[in-house]
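Each of the two complexes below includes chain A, the first together with chain B, the second together with chain C.
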Partner chain A sequence: MPKALAQPNLTAGSMYSQSARLIFKRHRSLIIQPLLILALSAALAITLSRAHLDVIEKVTINQKFIFRAIQDHLILSFASAAVILAVAIPAGILLTRRRYKKFTPIVLILANIGQAFPAVGVLIIAGILFGFGKPIAIFSFAAFGILPILRNTIVGLQEIDPFIIESALGMGMTPKQALRQIELPLAVPVILAGVRTTLILTVGVATLGVFVNGGGLGTLIIPGLKLNRELVLVTGGILTVIVAFTMDWLARAAEELLRPRGI
Partner chain B sequence: MVSSSSFVALQLQGGSVSNTTQGQEIRLEKLTKRYPNTTKDAVSEFNLTIPAGECVVFVGPSGCGKTTTMKMINRIIEPTSGRIVIGGEDVTKSPAHELRRNIGYVIQQIGLFPHMSIADNVATVPQLLGWEKNKTRARVNELLDLVGLDPSEYGSRYPKQLSGGQQQRVGVARALAADPAVLLMDEPFGATDPITRVRLQKEFRALQRELKKTVVFVTHDFEEALLLGDRIAVLSDQSQVEQYGTPLEILSAPATKKVESFVGEAASVRMLGLVSLSSVTLAPGTGDGPTLQEGATLREAMEGFITGAKVINVGTRGHLTFEALQSAISSTRKGAQ
Partner chain C sequence: MQVKSHKVVAIAAAIALAVVGSAATSSSANAAGTSLKGVSVIVGSKDFTESIVLSKIVKQFILANGGKVVDKTNIKGSSTTREAMVSGDINMYWEYTGTAWLVYQKQTDVNIAPDVLYKKVVAGDKAAKVTWLPMTSFNDTYAWAITKANATKYGVKTYSDLKKLPAGSAWCVESEFQSRPDGWAGFKKAYSIADSSITTKVLDTGAIYQATKDGQCMVGEVFATDGRIGALGLMVPQEDISYFPPYNAALTMTDATAKKYPQLVKALAPIAAKISNATMQNLNARVDVLGEDADTVAKSFLTASGLVK
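Take a look at the complex of A and B:
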């Protein structure tokens, strides 16, 4: 617990500065990370604005194309993350209920297979079978990224001290009330850690969206590779890193905000 | 730690807590638990009547089924067969969550909700029962006071900011919050250090005398059973009742070999602590020796004799000699048998 509580005779001023320092210490990485992201973005922007572009490079290195690529990339990542959340969290909850516990190993095996399959392979087979475009990219990425949240939801719920749940039931909570008021809030930190992993994972695989005409930053990386234009390739790569860093930062901020006090 | 002062205050003021529900009788009839894939009952046809307002301690070696038996009363463990009757009402089949809201529950592991403030923890059952906010808040403050924790200081803290002993005080307050008729306690003080344990035991005894709940208390500590129980049920394997009686009855007339071995050596010495000086016949007048109050026990008188006193004065009523103490013990033995 914060030392400030144990020292009631501190003056208001020193208490303020102490708590400000404390906040900085606890959130140091949360404050430094956006600065790094901004610095990286600025460096990239300066480099691009000073570069002499040839005709091929000009097709992709322009504001309109880049913004469109970023926008598509965000759509792909967020949409697949949303699909994952909608499936994995309820599934994780069900799989920790007594009645469905027996299915946990088999579902985890399936999710592991989903992640073990090469994402490109899944994506292209799905594209051939169901047609090209964003929706198919989103569902393929979802299949790929379901494991972290599913596993963390299960683990987060399983590792709650069983005596806390026993006493919730002993107080007269129904199993549903115990789930909502006790189990889920206590599992939130672990579940959110899974959400963060999944978001970063989907930002990464979303670069493959280009293979099924889904757009995204892959539209810079792949042509950059094929046409041997390093600047285009690196721009796509760095932009992906920036998006991933930003997602990570948002998710960690959410973890800080949503973490129940007292644990 | 703010300690027993508030308990004392409670006793002096008499009913500073709005405690309207007194204990109800619990009747357990042929209560049996057998776990799947086992050949032996964990608890076998357990019969016991727990009188209203008394504290009954289940004591026995670990693995004898005492906790299982207790947990069947609020059906945290569902009985395989048998009946549970509380206050004349068969609750064997009634909805478990409604039953439990009327039964206080305290476990050794305490089980406070770590993400909720102390006040919210205590408010758990009132909130489940849909009490009004103001009533709940008032009740929470009252109970934290009752267990010796200043609500303005501790109410907004979180469980991990409290010591083990303080946490268990909160556990007791939470169990009492909705003023239940029945309290189930599973080794509630077992995880605290010896000094805190003794203090909590004494406070709980004072509290129970005031509130007169029906308490089922599980422990493997025979000393604790003697201290807290109005009655003790000595249990052996499969929750067989070896003996069910007052602490004095069990000490002075163990019914079976198993009870005898559980009581152990020095039954008479242990009895000293159970007999109050007020029940002893004294020689008139005061002698040359230390003075004890009427509420003190023979054990304290014994302490005086061992440290060299020839006589012990009891208030101004008279004085006690060592021979009188001996005969008081032997007549207590006979009386109990």
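Take a look at the complex of A and C:
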């Protein structure tokens, strides 16, 4: 009986189709998401090319302006996300080491304060103090977005069963080896969820770059809002969504690739 | 601290004197009138000082004459405020002729005299069922500000003189100004300013005043009646080539409100004539620079100008 059941799986064709189906099943949302992004972009492009624009709309709804805004927006979001990753993940690791554990509450309070600050207010004060432009925008956004990933790194490492680490040490691993080979791989899913949250957050916050000479998609949203030009406002909004979706997709693809198998 | 607070008091006194001095004899009688008894309205405003102060003047005027007011001032954004009135959430707020013309009526022609523009805007708003009361003489136009020190250093007296500034000087504008038909691109064209000779920075409108004073902006795009121009030692050169349209403020209300309270329309009409450019700058400065409460400023203006006895 078992032989008969196993029989169909032995032909090469069905093996292939089954594994393809498996891949699709496993990565369904990863494959559908870029299609949705493309569809949304195409719909926007068609709407804009057919729209009858007045003098005010023509200033912002043109290829040069929009591409510049998207480019600035990507610079702002990626750069601030990079600053956040470079600061928050090492900080999170340090704060779970025995020697630095006592600082965890204080650092979390600071990160909480960073997120609770009114973003526009901080931006403008920082701009007046240190000069308006992209650098100040990037560092302000980073201060704003550091909390989720810092918290996730700490939580991800703290949640590991202490017995696992103990047995690793018992097997003769040094603390550094245990961190690299046991703790970090186990914490990766939680840390990466924090990375995704951070990326989406920075895409959203980067729309405020318009207030401090940082450029970005806010240069469409704010005049669209103030001048009651819905087409401009919605274009800025949808482009932000497209950028956020794309970032989210990249982060999820990274999660799929980096997530440890079999642990 | 002691010295500083004295200085502030002295400035406050000077401004208060200027306001009082411009008015006729003021009465100290504070008894509420009754001419607007039975009037009950919701007064709104946009989200910046001038709009709030103007609406508080209307509010305090109605209260002083025995009417009732619900205060819904400080609504975010021009379009939102206008929507709030058209949909009935508020009954009245102050609008600018230039803004109504360009933004709500979606016109694009900007080279119009103030009174002609007012008539066109009033006519254009009939369809939206919006009534316009008389307009103020002050014109809260877009303006360019530069520090007095730089004006002297580079010999800037007119907007054309701004071209004498060093190459690459930073001009700070807000994002809305970039998009307006009466905005940045048109200005550069009218004054033949080449993009290659300057740096453009896009900033929040409120940040431009301080950034111009600090030197981050050589030239800042500001509002002509803003109290911070004087307070931060900035000056506005002469507009030697006519470019900006007029922005006179006028109280707007729904036709329904105007019909319901004809006595209110009649009573509020004289307010606009009492607010000159200098008066408006003083009132704005009292709130923005001295930190006075907008209601207090409105009340003292009404008494000083003799509108409330």
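Going forward, the second predicted complex is superposed on the first by the 251 of 263 C-alpha atoms of A that agree within 3 Å, B and C clash if a C-alpha of one lies under 4 Å from a C-alpha of the other, contacts with A are read in each partner's own complex, and residues count from 1 in each chain.
Everything that follows uses one rule, which is that a contact is a pair of C-beta atoms (placed from the backbone, for glycine too) under 8 Å apart; a residue touches a chain by one contact, two chains touch by 3 or more.
If you're wondering where the values come from, they're calculated on a predicted model, not measured in any experiment.
After superposition on chain A, the partners chain B and chain C are accommodated together without colliding. Of the two partner chains, chain C is the only one touched by A:222; chain B is not. Contacts of A:171 after superposition on the shared chain: chain B is touched, whereas chain C is not. The superposition places the C-alpha centres of chain B and chain C at an angle of 150 degrees about the C-alpha centre of chain A, rounded in steps of 10. Once the two complexes are overlaid on the shared chain, A:185 sits against chain B while remaining clear of chain C.
In the superposition on chain A, A:59 makes contact with chain C only, not with chain B.
Legend: residue contacts after superposition of the two complexes on their common chain; A:120 is shown touching chain C, with no touch to chain B. Aligning both complexes on chain A leaves chain B and chain C separated at their closest CA atoms by 50 Å. Per the touch definition, chain A reaches chain B in the complex via residues 1, 161, 163-164, 166-174, 177, 181-182, 185-186, 260-263. Those residues of chain A lying in contact with chain C across their complex are 54-56, 59-60, 120, 124, 127-128, 131-133, 210-213, 215, 218-219, 222-223, 225-229, 232.
For chain C in complex with chain A, the residues that touch the partner chain are 77-79, 82, 102-104, 106, 108, 172, 175-176, 178-181, 183, 185, 201-204, 206-207, 210-211, 214, 216. Chain contact summary for the complex, chain B toward chain A: residues 74, 76, 96-102, 105, 107, 109-117, 124-125, 128, 158-161, 174.
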